[in-house]
Each structure stands twice: as structure tokens, then as C-alpha cells.
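After this come two complexes, each holding chain A, first together with chain B and then together with chain C.
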Partner chain A sequence: MSEDKIVVNIDIDLEDLIPGFMENRQTDLQKLEQALEDQDYETLRSIGHNLKGVGGGYGFHDMTAMGTAIEEGARENKLEIVKENVTKLSHYLSNVEIVYQEE
Partner chain B sequence: MDKEYRLLVVDDEQDMLVLLESMLKNGGFDVKTVTSGEDALIEMQENKPDLVITDLFMGERMNGMQLMENIHKNAPLLPVIILSGQAQIRDAVKATHMGSAAFLTKPIEKEKLLEQVGQVLNITASGRENKEFSESIIYKSNVMEELVDLSVAVAATSVTVFIMGETGTGKEILAKAIHESSERRNKPFIGINCGAIPEQLLESELFGHEKGAFTGAASRHDGLFQAASGGTIFLDEIGDMPLSLQVKLLRVLQDMEVRPVGSTKNIPIDVRIISATHRDLEEMVDAGEFRSDLYYRLKVVPLVIPKLSDRCEDIPLLADHFLEQHAQANNKKKKHLSPESLNYLMAAEWPGNIRQLNNVIELCATLSKTKNISLSLVKSGLQDRNTQMKTLKEAKSEFEKNYLIGVLKMSAGHVANAAKIAGRNRTEFYKLLGTHNIEPGKFRSKNKA
Partner chain C sequence: MDNNLNKQPSQWLIYAVALLSGLALGLTLVFIAWNSALEENKREFSFEASKLREIATHNVQASNEVINSFALSITENKFFDDQIFQSSANKILNQQYFIEGVFYSHVQKTENNVISELDLEVENSRFRNSQTATDLNDIIKNENFENILNFLLLDGSSEPVVSVVTLESSRYYIMLKPVLNKDYSVVDDGDFTGSIQEILCLLINPEKLIDYSNVSRTLMVDLYSESSNLSGRKLIFSSGPSLDSRSGFRASSFSEDTSMQFPLYSVKLSISKDVYWPDVNQKSIYIALFIGLGITLLLMALVRAKDLREKELRERNIAIELQVEKQTKELALARDKAVDGSRMKSDFLASMSHEIRTPLTAIIGMAELLSETKLSSDQDKYVKVFRKAGDTLLSLVNDILDLSKIEAEQLILEHISFDLLDVIEESVEIYAIKSAENHVELISDFEPKSNMQRTGDPARLRQIILNLISNAIKFTKDGHILLMVRATDPDEVQISVTDTGIGIPEDKLEAIFASFTQADSSTTRKFGGTGLGLTISKRLVEMMNGRIWVESEEGVGSVFSFTVNLPVNNSATKDDLPLEGFLKDKNVLVMDSNQHNRTKICNLLNAFGAECVESEEFTAWDESKFQYVFLDHKILFKCNDEETEKIRQSNQADSGPVIIAMLDSVSLHQQINRINKLELDGYLTKPIKQSELLHVFSNKDEMPEAHVSSDEQHESKLDETPVEEKRILLVEDNEDNRLLVKAFLKNLPYIIDEAENGKIAVDMYRNNTYDLIIMDVQMPIMDGHEATRVIRVLEAESGRPQTPIIALTAHAIKEEIDKCLAAGCDTHVGKPIKKSTLIGIIEDFIT
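Moving on to the complex of A and B:
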């Protein structure tokens, strides 16, 4: 399974914030999965938008890309794209390995 | 950093808030965070920050732009940086015009954020010295020094400016000085007197028109907003703008887009807007003659030019400047004012302000046969009614008001009869009375007494 690991370098100054941040993303994932089931496009768009804004700021640039795709997919009612990216996010959150670095 | 700058950060997204807090604290700043614009305004009453950083969209609550408007009502020069998850150029341009010091898009990079914050704080700390600006405005009075300081700080931004001042105080000169001191100086400065152009023409002048949009529109024409692209547009006598056009101008300010007459397409614009009036717009808003929403959009940073009589210590400098100008323009030796003449000028009322002073000096310099301008010549120059002429609009309005009072007196306050005399229907007549704040009841009671 180690080849599935996604290594992300994060600024050491943010070390204390990361556990809380990752916990919130797990909550986002649950909400996204529920919204997918309900076809609740507004919730999908809103969480996608937040992910886009917050992910890259912490150093998780892939998360920003997924958030962008979820937001745009939801805005255009393209459920398949949203679904694909929620799955990607789920895989990402399960496999991300954080390496703290001095900036 | 010698001083620890206090920053207030506003974002409804908790993860973003703690991230910004961490980045800024690591950058050496004292940071306070809140999750809404409403809380930010409360926090600011207790601790005034040096800079506010706010998210643009915060759910259903007050957005970043509204927060900035509220902040600038009490602290027009407090820098505000706006963050947005949407990289919309239109939002960025609009934010700049509303007075934001910078516009950053998410995801936020620490280096970029700290660089931007540093730049913004430097602007506010150092923007006070500008010799060029001071040279174009002649003054030594404290009241003008304060105005110039404020204007120089404003010039460093693209914020919308509103200049208030009596007729002849130099509103256009100040607007030009702000443009010349800004980064827009190499782009056009375009001024237009909103009261001098008929309503139908004004719309097409400002926003342009398409070919065939109206009779006589033989070709397409770019409006002044487009012509001033990248520069500054100066809307003089904004108080004279008709209500129908006020709505259209409001839309331009909200969206930073213009729609030419006869076109279905909006064209984005990048123009700094400076407006001015000698009228009391607040009074006009109360009377329903000026839209309050437009008033607050225009009045992001209000600048008040004092009357000449409130800065009489500047009169010798100004008079000397006009004498110099007159000598150069006519290729003659410069004339001088005797000390008594100067004292007389300094004690005068000057209802026409600097324009009137210029006219009087010009007249005296032309008529004086000696090198020194005598007191008697100055006195007669000041009595010249021509220097105090009203504008046609002011004269018409005054005539209309006196006429309405006359017919009301004649009809003992009976509106239907007064309207008949005036050849208007009652509704129209009431509207006219409203425009001039005339209360017909007063004429009734007076006549009965």
C-alpha cells in the first residue's frame, strides 16, 4: 500500500493546525457524500468552493484542484464530475502523508 | 519591525481564519480574528486596527465589500485588503474603486500575503510627501494642509473620491492634482459638468452610443467613461445630474461596466471616479432629489474644500500667484498689492471664492496704471457684480422659487388656484413646491391672521 501514499510537504509553522484541518476535511467528505446522494448541488458547490480556497493555502494544492472541479461540476449540474472528484478526495484523504518542512 | 501593526482578519471559514492568523503572526503582526463583518465592526470600536483583511463572500451575511463601505464611513483611509475565492477581474476592479488597498485570490500564499500587507502598510505610513501635489495647490493654512495630506493619501489609491466645496473653491484643480499624483497620471483625466449638458446628451456623452441609437446618431461613439480608460473621470456638479441618469450611474459604479445607448452589451471599464458638487447633497437626498444609494457610492472618501474666507491667510499667496500669471500671460512686469490692499482682500467675504479673487486680481492688474495696485482700485474691483454672477441654473431656480411664492401669496395659499394661475395641474404644482421646500399652508395662515 505504501506506493499509494501521497506525500505532501507542509510548512512547519502550520504543524499545530494540520490535525484540526484534516479532521474538518473528513467532515467535508461526509457532507459531500451525503449531498451527492441527495443531489444537493448548493451544498456540493459551497463545500467545493471552500476546499478550493483553503486547500492550497495550507499546501494541499491537489485539494484545491478537486475543490475547483467539485464547485464547477455542481454549478453546471454535472454530477459525474462531482462524483469522480469526491472519490478522488476520499482516496487523497486516506493516503496523504504529511512531511513538515522549514520554509 | 519597529512597531507591531495590529491586523483585523475577517472570514467565515474557520480553517481559513486560523491559516491567515498563523501566517500573519509568523510575519510579526498582532492579529485579531472574527468570523463576520458585524463582529469586525464591533471589534473596531474597541481596538482600531492598522489594516483589515476580509473575505469577499461570507454566506448570507455582510460581504467584504459592504464591510469595507461601513469601515470607510468612519475611517476613510483605513486600508482594507479583500480576499476572494473567485478570481474575477471585475470584482477586483470594483474593490479597488470602492477603496480596497489590495485584492488577493485564494488559495493564499504566505509570501504573497505578507508582501501585500507590507506594501499596504508602507503606503499608509509614507504617502504624505508629494511636492508636485503641493505645488499645484497654493496654501499655507492649516485647514488646507489637512486637506492636502488627505488628498495625497487618497491619490495613492484608486478609491472613489467626492469633493465638496462652494463654487469657485477649486474642486476641479484638486481633482486634477489627485489624478496627477496617482499611478493613473499617464492616462487621461476627463472632466464633465453634469449640469451643463442636456439630459439626453449627457447619457450618450458619459456612456457612448451605438450607430442609429437615436436621431442624429450617425456613427458609433465611445462615451467619456471609455475615453478615460485607465485614468480618471471627473463628474463636476454631480448634484445637477437628473434622477433618471443617477440610476444608470449607480449601476456603472456597482458593476464597473457601461452600456452605451442603443447597445445590449456591457463594456467593462477601469476608471477612477471623482465627483464634486457645490450643493448640499445630503439635503438633496432628504428631499428625494438625489439617490441615497448613489450618494454613498460616490462618497467613499469625502474631501471638503474650505471657503476662501475660512483660509484668508492663503489670500496673499494666491493673489501673488495670480499677479504672476497675469504678468506672464500679458508679457508685462508683475504688479504688486499695497499692504492696505492685501489687508482689505484678506478681510473680504469672497462669495465667489478663489475664482472671484482671480477675477478681481485680473481686473486690478489690468486697470492699474501704477506698479502698486491701490486700495481704491481693489475696493472698486471687489464691488464689481460680475465677479459674483450666479449660474443660469441657479438663477432659474431662484426665479422659479420666487414665482411660486408669488402665486401662492396671490391665491392666499389655495393650491388649486395657484396652480391654475401658473398654468400647471395640481400634481405638477405640488411637485414644484416640494422641489423648493415650499409649504402652501404657511400662506393660508398668514392671510387669515
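Moving on to the complex of A and C:
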């Protein structure tokens, strides 16, 4: 089961920010799941865009990829893609393990 | 499907038109055939009818004449008696076969001209056969006979009258004529005087009258008599074809009427014929019908065939289209896969190279640091090996990065104005030390006055030139490397690098620009290098609309040349370019053992008006003749004591020439010491730059110090105190990203203000002064472009100095970057933001 752990290396400078950051992502996830249920594409697109914007900067490059997929999926009304990536994000958020490192 | 729907109506129309025209043609043919067939029947009818008419006309007239002449003969002949009557009657019966009998009779005269009762006494008679004789009684009692007799008596006319008497067994056409005595006359008022005492009567067989036995049975014959004042029409004879012969439908009918006029009566003959279907000549009609039907069927078949062929063609087209579409899709898919594959490979290489480079730099740096510590000779050797390996690896990675960028089409050429001369001289300078180490002279040569202000990508151009020089140095053990620049076209430049190296075998010339190829695979081991340089250069040259080629001779050297499109930029002019004739009347001596070097310097000086003398030996020395002497270090250090003394003396004298040494970069320090002893006016380092050379003439006194002072400045700079706190405005709508940037900058002396969007940022800018603004591009309410534009306008209006603005772009695409720069941003940082990049750029602007 150790394979499920997703290890992400994060700059030590950002250590203080990560808890808040992860909390925000959990909120995003909940909003995404709600929006999926409502088929609210605008919200899906907006949160996807946001994820895309913030993930990479912190070092969560996979998150940026998922955000991009959700944004584009929502823009083209492809619910399947959005769903798939929201599931991915959920899995990612529950399995991510952060290792802080000096730059 | 739409096509079919659209074609349906017109299809039916074609069928209908074909059918109708076929039928019309068929009908016309049948009509013509019908008419010609009936024409035959009509001709036949006319022939039969005319025969009948002739006989009938002749006989009717003959009977009229017979009765007239007989009556006349009775009146005229005084001796008329039975015997004469009998012979005359016999004669008549013999001559006229249709007359059945003739009789002569007295008529009882009545009183007051009113005939109440007829009393007829047959006086004399003659009949063809006994039957007629028997019939006589019935005839004279017949109403019709009495009627005409009465009419004759009342009318008093002398002309014959006719009627028809029908008996059970036979029918007679009878003809009456009064036989008048001498005193008989008719008065004007219609009454008559005298009296009719006798009448003559002819009994005529109607059948024989028209010679019915010879008449075709298909004819319908009607013979009438009409008497003017009598009871009108009497049917003399009527006959028609039997019902049996009327088979089939009636096709047509013909008729013909003839009338014969006599004073008191007329006889009408009406002949008609019905033509029934079996009588018509059907052969031609059937043929016409068959031809018509055949043509109709043929037309239909043609239309049908055409239709089928079109349908088949259409179906085949659809099938072909489908197939083509399918194949196109498959091809596109395959192509996309291939392109994707290739791009993924290149993307992977690009990102991997980037990732590799970072740790590699650390390894090389560490090796460098390690080599500076105290090491045993063995350790030193090992460190040198892995430093060299590290260098090679780094350049390999750099090359791969470049190539993969080109192949992933990520490399976008810049299009900016630059000074070609700077690029060339910088390139030469970079390799100056290396070439000096190899004892190879590196010379740049260009036309002195050609326009060097160009538009293009200077960094990539430099990369090509450096690559060619590096190759040349690698393969040249002694001699020189000449970098030559020529404008072949106003907007095209040809650059060639000539070396005096080992050369390339002719059979390897073609392959040299391919990836990972050197002339010999052993070359890589012997000379190092990645083998990618020329491939990259070739791609870059092609991207600049040029071509690259090589000429080489083994053992003599190689010439690598390339052309690139670099449009002249007329708007930019170099400020410090001296005037045309500013070296006029200057006599210059250039002493250099390398001919290319001498020529280059002299060409340049000549271009600005100087008189220049070249020499490869010290023998040309003459202190009174020249104001300036350029002395190569090789010649300088080969001078004997006498010559050195000459230099020293002329240098001390005020009138003596300005003496400039030309040193090479390798042993600069030792050489400077030696020239200091000679107290020369200054020195230039090879390869010599145009600007430095010209600088000698404009400001000779500052020359030697320039180099020293710059070094001192550099050192003093390092001792400066740390920068004071600067104020930065961070404009970013995403809180996470604001936190991120603040975390990156937390240990640095910056005060950071935050704005959530462009509008807030503009407001904050109005009320505060910032040393720098970090501006996100995509933001709600007011985006980064708009905010930047507003700030630039505010600056222009208020005269405030321009605040550096760094844009945060989502993609490092050239279009997006250009958009930022157009809005007024100074530079950009692509997301995801890298700490080192961000800090580096900030420091570029505010330290």
C-alpha cells in the first residue's frame, strides 16, 4: 500500500503555508464535487483554473495538470473528463505526502 | 442523404418527359399509319361509289327520257294503235333492262276539276314478266300512285312525276306522264284548260335501276325521290351491309350524295360506307404502334440506364469518399501519433535536460571548488578528469536542450535590432583565450563601413558563430582562424569561419550536419564535443532563412560558411561611430607577423582616412614617419636590444609616435609587465575590436588605465554595503499565490504590499511609491495588461519615473509575452513561479 503514497518535495520556505494551502484544496474538492452533482460547469471551470494557477507554484505539479484538465473539460462540457480528474484530485489529496527540502 | 432527396423530383421529371415524348412519337406514327390505311379504304369507296353513281344517274335520266319520248310519240302519231304501242314497249323493255313494265291508260275525267275518285282503265300494257302484270292491280290502287295521279291531273303539268309503290313481294319506282291531246295548254294562273285523258306509266325495278347486283355489299345505298308539291321524300331503294359483316369497331365512315334534278322531281342518291377495324390495313398501324412503343421503351431504358449509372457513380463516389475520409483520418491519426511521439520525446528531452542541468552545475561547481583546495597530484588528476567530464556533459545537455527545443518547435526566434559588430567581436573575444592557448590566431574581418545595425536574434546568431569557432579551434593545431563577415545582399549576411586545421575528408562532408556525426566516430574521443553543434547550427540557420555549407581540403583546412537573413535596421544608428575622415593625414605603421591581422587593421584605418603601412618585421620601423605604431607582441618580444632601445627613445621624445602593443589574452600579465618597462603608450588585446582600435586615436592618454581601472571598479563593487529595503507591490488575485511569492521573498529586504486585482493595484500605486510591481496577468475586475497600461499613463501624466513591472504569465508563449511587453511590462516570469528566477529578476531591477 506504500505505493499509494504520493511524495511531493516542497521548498522548506513554504512549510508554514502548506497546512492552509491543503485546507483550501479540500474546500475546492468539496466545491468541485458539489458542482459536479449540479453540473455547474462555470464553477468547475473556475476552480479548475484556480488549481492550475496555484499548484505548480507550490510544487504540486500534478495538481496543475488536474486543474488544467478540469478547466478544459468543463469548458468543453466533457463531464467524464472532469469527473475523472476530480476523482484523481481526491485521491491525490488524501495520499499526498509532503517532504520539505532546502532549495 | 440530402443529395438523394434533392435529386428525386428531377429524376421523376426525366422519366415523365421520356415517357411522354416516347408516347407522343408513337401516337404520331400510329396516326400517320392510320390515316394512310384509311386513305386506301377511302380510295376504294370512291371507286365503288362513282361506279354506282354513274349507273344510277344514267338510268334515272334514261328513264326520264324514255317516258318523254314515248309520250311524245303517242301524241304525235295519229295512227297510234295497240300494235305500235306493243312494238314500242317491247323496244323499251329490251333496251332498258331496269324497266319492268309500261302501260298506257285512259283517265276518267272528273267534274269541277276535283278528283274524288280515280277511274283508271288500262288500255294497253306490256310487262317483262307475269309477276309485274299481276302486281298492276295493286299498283294502281296504291295510295302513292293515286297521289301522283291526282297531282298530275290537278297540276295539269305535262312533265313526268315519280313515286314509289311498295308491295308485299316487290317495290316499284313508278313514273307517270300525261299524254296530252292537241288542245291542251296551260294558262298563266296555273289552271289548265283542256283535259288529260290518258297517262303513260313506267314501272321500274329499283334494284336494277342502280344495278344492285354489281354493287359492293359493303356500301350503304339510299335512293330517294323528291317531288316538289307532293308528299315529299320517297325511298326508292335502300340497302346496307348485313349485321354479320359489322365486326369490330367502326373505324371511319365515308359518304357521298348525288342529286339529279328534273322539272317536277329530283332523285337523290346517297352512298355511304362504314369502315370497320378488320377492313383497315392493320399491318402498318401495328408496325407504327410497335415502333412507337419500342421507342418509348428505348427512351425509358436509356433514362433508366443513365439513372442507374449515375446512381452507381454516386454510390461509388460516396464509397470512395468514405474510404478517402477513413484513410485520411487514419493517416492523420498516424501522423498525429508520430508528431505527438516526436514532440513528446522532444518535450521529455527538453524538460529532462533542464532537470539534469541543475544538479550538473552543482557538480561542476563543486569540482571547481575542490580543485582549488590542496590536493595530492593523484587527487588533482582525478578532479580534473571529472571536471572535464562534467563540462562535456553540460555542453551535451545544453545542445540536447537546444535541439529538442527546436524539434519541439518551442524555440521562437527573437526579432530585435542589434549591432552585428558587437555579436562578432563578442564571439571572437569569448574564444580569444582558448585560441591563444592553442597558439592559433583568431581574427575577425568585416567591411569597415558596412551597415552593422541589423534586426534578428543576436543570441542565436552568436550561438552559431561560437559553435563554428569552437569547432575550428578544436581541429586547428596551428595557424589561424578567420571569421569573415560580408553583406551579400542588403538584408543578407554571409559569415564564414576559415581554419587551417586538419580538414574533412570529401566523403564525410555531406554527413557532417547530421545529428551526432563527426567526420570520424573516433573524433569524438579525440577532440571531444557532442557532435550536435553543427546540427543545431544548421537548424538555426534554416530558421533564419539561410543555408550553411562547408568546403574543405584534408590537411589544408576547412571553410564553414552560412548565410542568414538579417534585415538592415535603418532606425538605429550607432552613436559613437566616428566621422568618415577623422583619421585623415594620420600615418600609421602596423607590424604583425600575421598577414590577416595586418590587413584587417589597415583596411579599417584606411576606411577612416588614415595612411597605413603594413609590415611583418621590425625593419619597417621609422619614428619620424609615423604618428602611430601598432606592434604585435610576437615582434615586440623578438626585438634585439638595439631595436628595443629605438622604441624606448622614440617613446620618451614628445614628437615620437604613439606606440601601441598588441598582446594576446593568454599571458597578458607577463606581457603587461614587459611593456610597462618599455613605457609604451598603451596596449590592445587580441583579437582587436574596432571600437577599441578607434578609441586609440580619439583618446590616447586613457588607454592603458582603462583595463586596470575596470578591474578595480569590479572589486570595489563587491564590497558595497547590502541594499536598503525596497518596496514591492504584489498584484495577484489568488491568495495562495500571494502567500507563495511572500514566502519566496521572506528572507530578503523587501516590504511587500498586496493587491487583489488591477483596480486595487492602480489605487495603491496612486498613493504610494514602489520600487517594483509584480503583476499577475489574469485577474478579475481589471487584468494585468489593463492595470499596467493605466499605471504607464499615470506615470506619463505626472512625470513620475517608470516603475519596473514584472508580469506573471501563465504560459511562456512568445505571443503572451509580447502582449505583456506591449502593455508596458518590463519583463515576465512564467508560472509556475521558480524562487530563484523570481529573485534573480527582482534583483536585476532593484539593486
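The rule we apply is simple: the second predicted complex is superposed on the first by the 103 of 103 C-alpha atoms of A that agree within 3 Å, B and C clash if a C-alpha of one lies under 4 Å from a C-alpha of the other, contacts with A are read in each partner's own complex, and residues count from 1 in each chain.
One rule holds for everything that comes next: contacts are C-beta pairs under 8 Å (C-beta built on N, C-alpha and C of every residue); 3 or more make two chains touch, one makes a residue touch a chain.
The shown structure was predicted, so the numbers you read here are calculated from the model rather than taken from an experiment.
Novice: Applying the document's definition of touch, where does A:64 land relative to chain B and chain C: first, second, both, or neither?
Specialist: both
Novice: Should A:54 be classified as contacting the first partner (chain B), the second (chain C), both, or neither?
Specialist: both
Novice: Regarding the shared-chain residue A:17, is it in contact with chain B (first), chain C (second), both, or neither?
Specialist: Both partners, chain B and chain C.
Novice: Go through chain A and flag every residue that touches chain B in one model and chain C in the other.
Specialist: Residues 11, 13-14, 17, 20-21, 24, 50, 52-58, 61, 64, 103 of chain A touch both chain B and chain C.
Novice: Using the touch definition up top, name the residues of chain C that touch chain A in the complex.
Specialist: 734-737, 739-740, 743-744, 746-747, 778, 810, 831-833, 835-836
Novice: Would you tell me which residues of chain A are touching chain B in their complex?
Specialist: Residue list for chain A touching chain B: 11, 13-14, 17, 20-21, 24, 49-50, 52-58, 61, 64, 103.
Novice: Sort out for me which residues of chain A touch chain C in the complex.
Specialist: 11, 13-14, 16-17, 20-21, 24, 50, 52-59, 61, 64, 103
Novice: Help me check something: in the complex, which residues belonging to chain B touch chain A?
Specialist: The contact residues of chain B facing chain A are 13-16, 18-19, 22-23, 26, 85, 106-110.
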